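To keep things simple, chains are lettered A, B, C, D and E as they appear, and every chain counts its residues starting from 1.
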Amino acid sequence: MDALTLFGIFVLLPLVGALVSYFGKKYAPIIAVIFTGISGIFLYLWYGNFGSYTIDIGVKLNLTFDITTWFFMLMMNTVIFSSLLFSVSSKLKRAGGFATLMLLGFAGANGVLLARDFLSLYLFWELMSWSIYLLVLRTSGEYARRYLLFGVLSAYLLIMGIGIIYYYTGSFLYADALSGAIPHAIWPWILTFLILGFGIKMAIVPFHVWAPYAYSSEQPFVAFLSGGLSKLGAFGIFMSMYSIAGISLLQSFGTFRGVSLMGYPFALLGAATAFIGTILAIFQDDIRKLLAYSSIGQLGYVMIGLGLGTPLAIGGAMFHAFNHAFFKSLLFLGAGAVIYRTGKYKISEMGGLGYRMPFTFMFVLFAIFALAGIPLTSGFISKWMLYEAAISRKFVIVAPLMLIASVGAYLYSYRILYGVFLGQLKDEDKNVKEAPGPMLAAMFILMVPLVIFSIVPGWILGWINKILVENGIGKLNYTTFSYSSAIGGANMAVFWIAFILLLIFAMLMFMAKKARVVDQYDNYLAGEAPPSVALHAAHNYYKPLRDTWAPLLKHSIDRAYEKFSKFFAGGFYEIKRIYTGNPQDYAAYLGIAFLAFLLVGWWLLW
Amino acid sequence: MNENPLPSIIPDKEWKKIQRMLSKRSLWMIHFCTGCGAMEMPPVMTSRYDMERFGIIPMATPRQADLLLVTGYVATKTLKRIVRVYEQMQDPKYVIAFGSCPINGGIYWDSYNIIKRLDKYIPVDMYIAGCMPRPEAIMDAFLKLMKDIDEGKANGWMRYRKYYDQYRRNQMRIFKRWDE
Amino acid sequence: MKEFELFIGPQHPGITGNFMYHLWVDGDTIVKAEAHPGYLHRGFEKLMERRTWQMNVALIPRICVPEPDVNEAVYAMAVESLMDWDIPERAKYIRTMVLEMARISSHLLTMGGYAGSIGLYTVGQWAVGDRDYLLDLFEQLTGARVYHIFIFPGGVRWDLPDGFLRKLEKVLNYLESRLEFYDKLLFANEVFFRRAPDVGVIPEDKAIEWGVTGPNLRACGYNYDIRKLDPYAAYPDLDFEIPHYPKFGDFEVLGHGCDCYSRMLVRRLEIEQSIKILRQVIKKMPEGPHTLKLPNPLAWKVPAGYAYARVESSKGEYGYFVISDGGKMPYRVHVRGPSYTHGINVTETIAKGLNIADFSQTIFSLDVCAPDIER
Amino acid sequence: MVTDWLIHAGLVALYLFLAMVIGLLFMGIARKITARIQNRVGPPIYQNFLDLGKLLAKKTNIKHNWIFDFAPLFGLGGVLLILAYLPMGGYIMLSGQGDLILLLYILAIPALGFALGSGASGNPNAGVGVMRALTLMLSYEMPFLIVILSLMIFYNTASLSVLLQKQMNYLWGIAALPISALAADIALQGMMAEKPFDIPIAPHEIASGPLVEFGGKYLGLLMLYSAGSIVVETSLFVDLFLGGGIVLNPTVYGTLAYFVNYLVWLALIFVVWMIAIFVNAVFPRFRIEQAFKFYWKWPTVIAIAGLVQAYVMSVFLGVVP
Amino acid sequence: MKAEQIFKELGLEFEKLKVKGNTLPRYKAEVKPEKLEEAIIKFKSNGFNHFVALSCIDWIKDEKFELVYHLFSYKEKEDVFLSIFLPRKEPKYKTLRHLFPQIETYEREIHEMFGVEFEGNDRLGEFILEDWDDMPPMRKDFDTVAYAKKKYESVPLIDEGGEKE
């Protein structure tokens, strides 16, 4: 294997696929599935076949295929494969364009994962970003503009970071960054720019505002965006902190109970993100927005792990990123299946679909187990690792926020379950059918790893351990079925055996007698039975909680941005008159931001 | 578990006995004040009479309850709700009718809105005469019902199943519509 | 449809009697409420037209089950107005005594029911248990626990049994000592302070217009009481106060009146006043006949005319509008129960914007008595 | 090896059975004591066994759909699973194989199953009830998680079995961290959904909430679930703060120690349960947002004070239990 | 303002009802149906702001329905009964629920029990009775005994053989 093969299979092949599927018309998704399948097969075959290839084409570029890349590519590939599989039967408009853009994004993502130099990183990053922009644009221009605002901001921040490094080292290679050319005092700036730049893709508070809008686009794409592409942010942060800078450099900024002072603020930011994202998710009625805020919250956990930087924490972050890729795309696909069948977005307008779509319900239920961290899925183990990482180092701010956010996750998961799948089946949904086969297959593919890695966590912990060892971070304590930290541990084999035995016992108690199935309207209505009755209590579900939070929710970051941009839109009214064009309010904001960053960069460099 | 769970160990007859013993010792009554007889229910529940001694407690919904107390006169509008609640209860279930009114209309014998005999519409296991029955009478009725259950005599729920057509026919003579 | 529907009643623990509120709820806030009476409709007004003046005495207590005596008293007063009878002093005092005992027992029941509706079952159990002592007294006096059929036109049925007043005194002493426990458990409870004030508010300026009467009106800050306004029986001779918002004595004044808190406190203080009245009755009980010499009961001829009598029941103004055409039977009787307005119009209006957790305590504190709505 | 495992499994089964019996008995005792407070005689303390038997022996049962079955299945299976992970009377059961955080998350299994089943009934009362239960959970978990965090920081372990060991060797949690114990006991009242925090099942408002459509064997198994939950919650408090009732070191005294410890544990969970029951009998219930505000105010402040104490002791003073 | 004075201003004749037991005076006056609203507004603005009840009387011999609007003043401590007469055939009157909200409920009941139509009240309809199939029951010519016999006594008993479990 050489650089070209690597590049060919993982970047060029999707690009070719993009070209082909553009003309595929309604078969475009199938073609795209085949192309992603091929690269998936190579991914499977090439496990262990790692290598690093430097190419000199005037500037030195580097492509590396190592365990970190492989691990992230695994998520990316599975997620896009099932998303495209899902879209086969979801009858999208202009399916050719959709498949093309998805594959472009996929190529960009693979490029980012393979790149070990800033130039290709930035090019592929832009390729990915712009295909996301166009994909969001398919649904709504307004959403796309909001995404673009932050996408461009992210790109600026990256340029700042890269520019500073290049200014000092004169090389784009990651490996050259640590050569000592960069003064020690500059590193915090570089890291801040890079982490924030990548963090925007992860929708870290306060840069999360774009996510709820972008995540309201077509579900197969959003599944890929939330499940796959947002992990590039995690990958980027991981690379910049632990590969480019390295743990010893981080530690040299001073430590707080063994955690670098460079990382700890980001862990706090992550904890805040987890908390805020969760709280906001509880109050959403639009299923897409709910999942979007949940996504924000869950990626906050990843951020915590990356910030803390102990082996357990980073392992937890990797594992959580992996889990999140699977359960969140599964949730978005489940939501997509429901939306496809009913055409509704509001949770309160659905209800009772679990009786009509049992398989979708089961898959979503498993995703929710993973989301809530129920030990029946691997979602628990990653959360466990993050908790133990924080608690064993006695972090008393991060740990409670994380713990309470995970309780909050129960609240919004139940909102999905109750609002969409349980409760009253509306009369107009009486004839809803189960989702089509490809959709179910896509969801099934995503569900399997969640269960498997819960029973055998050792397998995935093996890969993660390798990543940690390779980057010189440390190693994890695990066996095939169990895992442990300095303060505790758990054995999943024992858990599963006990669970299955006791469930069988409960079943024996339960199955002794058959129960009669009654109609949903043969229900406790205090003796009344009106001809038609609305029983679905899903609208404004957490109203008491919302009322208590109302004074705080008033100060939403979302609205702060809007006010900010309105302020500038007002200020730039004169420009509007001078130029014939029609500069949007966001444009004004962009300009100011660009100027500000230029000024900061200029001040730093000279 | 109405089928004998361990037929080889417990004879069927014994099993029925056990079942009856259990259902007599834990009669959960439904919280439904259909008429003025409900006025004497609080005293029966409180310190002087305390029916919880016999395991009788009020339950909120018909699904959980075994015992329906028709406390006093039954207006036609209430009858529909009583029937609905009765049908939502799960077998075995028992009905006690309070006071003179469900027996023959009582003081409302000539009222246009009161049904005169309750057992034309749902099976009644025990009647308590009087207007209104004293708490002692109510306690006595509970004890008698327990005895009846023990002897297998309180089988109104079986009658309701068996003669469902007749009961429904009689009910439909009172109701214009039955929304369900 | 954003809202879901909840049925509070007829088969529901959160309702007094057989009554139904149909609620439309958004989240947990009531958007709309509709009252549905009629589950207890027996056609009293029709039946009374078919019975002689005296037979009706046996029928009417059943109109309001928790406090049947007011029906007898108010019917008797209406018939006496038509007949132009002045009843003897002793009968007046005995009537006062019966009415006040009934008031205490009804208030105890309401207090228990209210405490139950906010989850404090212990007070409910105690209050209903203590009420049994009053029912014992009734039993000794009238022979029945609930439907006494004791007061009738012209006086009361028979004189007090021997030693009745001493026994009453004992029960009063006992009840007074028990009030302390209720105070500690309910009226000084932190959770009660959090839950009751400013919940289920009847606008103060609308209260009279909406027909709110009795303790519910006094909780709005008006000291209107029919016992003082339009005195009847022996009340003019007796000394008592009318507890009303914000005159709560030793109790804290929380909230802005017209709410569940004030309503319950007014009831609690009225028990004290009733005990005070009963003590005076015991002291002042005159000698003499307990009833007028009545004509042949089968052939009462009541002069034609209209008469309206009202008393202050534990729930509010209780009135009978009696019309006679000179025959053996009433031509028409219209019963004006206090719950008619409280249960339907007032509740439907104030339920809007209420939390479903507070709905039950609001109707319990309004002391809605279903049977006197639909009769 | 295999025999060891079998003996272990048999013992676990025995302990689980005993826990269920204790739970039902405790419910009966609670009914009796509440009745005594209310001036009544009350039912016999074995009444709940009769109730359970009756419910299981009901002739007909209804369900609304297949999701309805999740409630009894996960409810009973889950609560047994939690019990298996809780040390009872010094016998550590499976808790060597999973730590406190695993336990915290297993706690959600029966609750989630119950919520699924009641949601599937389609009754709005159930929906509102579960909403209240979940909001209550968010409320009491705030102080409770902080308390658990202080314990884990102070004893420097996340494993319950190690925690018991350290409490036996050093000091019971209630002596070392009295402030946290106070906060935990307040949180416990909410966890057990006893008054003033029983709003999720308030019968006067939502007709017993999530339980609204369950009857017959469904209700019977849920009754077992709540019986198990009583033992879980009281035992959790005893394990965290009262040393799991270990007064004799099992390594020294052997079987006798297990026996004595079990009795002490039983007495301690009884005391914890009694506190809850007495409070339950004399308080009305909070509204859900009041409960939320309450828990995020005072108990949280107390819990944070406890956390500060644990933090100072373990980090600055270097106390190592 | 005292009730007598208001009556005088309105030009109405009134009679005093007999009162025993209670003490306050009660005045009753007959009003023409079209003048009633004005009279009630006049009384309401002069302190008679407690609407006690609305009663309906079926004077079958005179072929008339009498509606009695009963007002009370807490200030003047006087009761006022204003009555109007409607024809018994097709009785119709306008709603006065905008004056006092509880009039709405009374009108609903009177509509159901007597069959009086109140124009402008949109909540008339099934109120207390359900599945009613005869003439309004409170009318004098409605025979409740015959109805009860016909409807309830004729329902047959359940024919069963005394089965045992």
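Heads up, the rule we're going with is that a contact is a pair of C-beta atoms (placed from the backbone, for glycine too) under 8 Å apart; a residue touches a chain by one contact, two chains touch by 3 or more.
As the structure is a prediction and not an experimental result, all values here were calculated from the model.
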{"item": "Chains contacting each of subunit C and subunit E, listed by label", "value": "B"}
{"item": "Separation of subunit E from subunit A in steps, with touching chains one step apart", "value": "2"}
{"item": "Closest chain to the centre of mass proxy, which here is the mean CA position", "value": "D"}
{"item": "Most remote chain, CA-based centroid, reference being subunit B", "value": "A"}
{"item": "Winner on C-beta contact pairs when A-C is weighed against A-B", "value": "A-C"}
{"item": "Chain whose average C-alpha position is farthest from subunit E's own", "value": "A"}
{"item": "Centroid distance [mean C-alpha coordinates] between subunit E and subunit B, Å", "value": "38"}
{"item": "Geometric centre distance via CA averages, subunit E-subunit D, whole Å", "value": "60"}
{"item": "Centroid spacing, where centroids are CA-atom means, of subunit C and subunit D in whole angstrom", "value": "45"}
{"item": "Distance between chain centroids, defined by C-alpha means - subunit B, subunit C (Å)", "value": "30"}
{"item": "Where subunit D touches two or more other chains, by residue", "value": "38-40, 56, 60-62, 124-125, 127-128, 131, 203, 207, 212-213, 216-217, 287-288"}
{"item": "Interface hub residues of subunit A, defined as touching at least two other chains", "value": "512-513, 522, 524, 526-528, 530, 535-537, 541-542, 544"}
{"item": "Multi-chain contact sites of subunit B, meaning residues that touch two or more partners", "value": "1-2, 31-32, 46-47, 60-63, 77, 81, 85, 110-114"}
{"item": "Pairs of chains found to touch, sorted by chain label", "value": "A-B, A-C, A-D, B-C, B-D, B-E, C-D, C-E"}
{"item": "Touching residues (chain side subunit D, partner subunit A) in the complex", "value": "56, 60-67, 69, 72-77, 80-81, 84-85, 94, 97-102, 105-106, 108-109, 112, 115-116, 119-125, 127-128, 130-132, 134-135, 137-138, 141-142, 145-146, 149, 152-153, 156-159, 162, 207, 212-213, 216-218, 221, 287-289, 292-293, 307, 311, 314-315"}
{"item": "Of all residues in subunit C, those that touch subunit B in their complex", "value": "10-13, 17-18, 38-43, 46-47, 50, 58-59, 62, 65-66, 109, 112, 124-126, 128-129, 131-132, 135, 145-147, 371"}
{"item": "Residues of subunit B that touch subunit A when the two form their complex", "value": "1-3, 5, 32, 61-63, 81-82, 84-85, 88, 179-180"}
{"item": "Contacting residues of subunit B [partner subunit C, same complex]", "value": "30-36, 38-40, 42-43, 45-48, 58, 60, 62, 73, 75, 77-78, 81, 85, 107-108, 110-114, 131-132, 134"}
{"item": "Subunit B - residues contacting subunit D, complex", "value": "1-2, 18-19, 22-23, 25-26, 28, 31, 46-47, 50, 52-55, 59-64, 66, 89-92"}
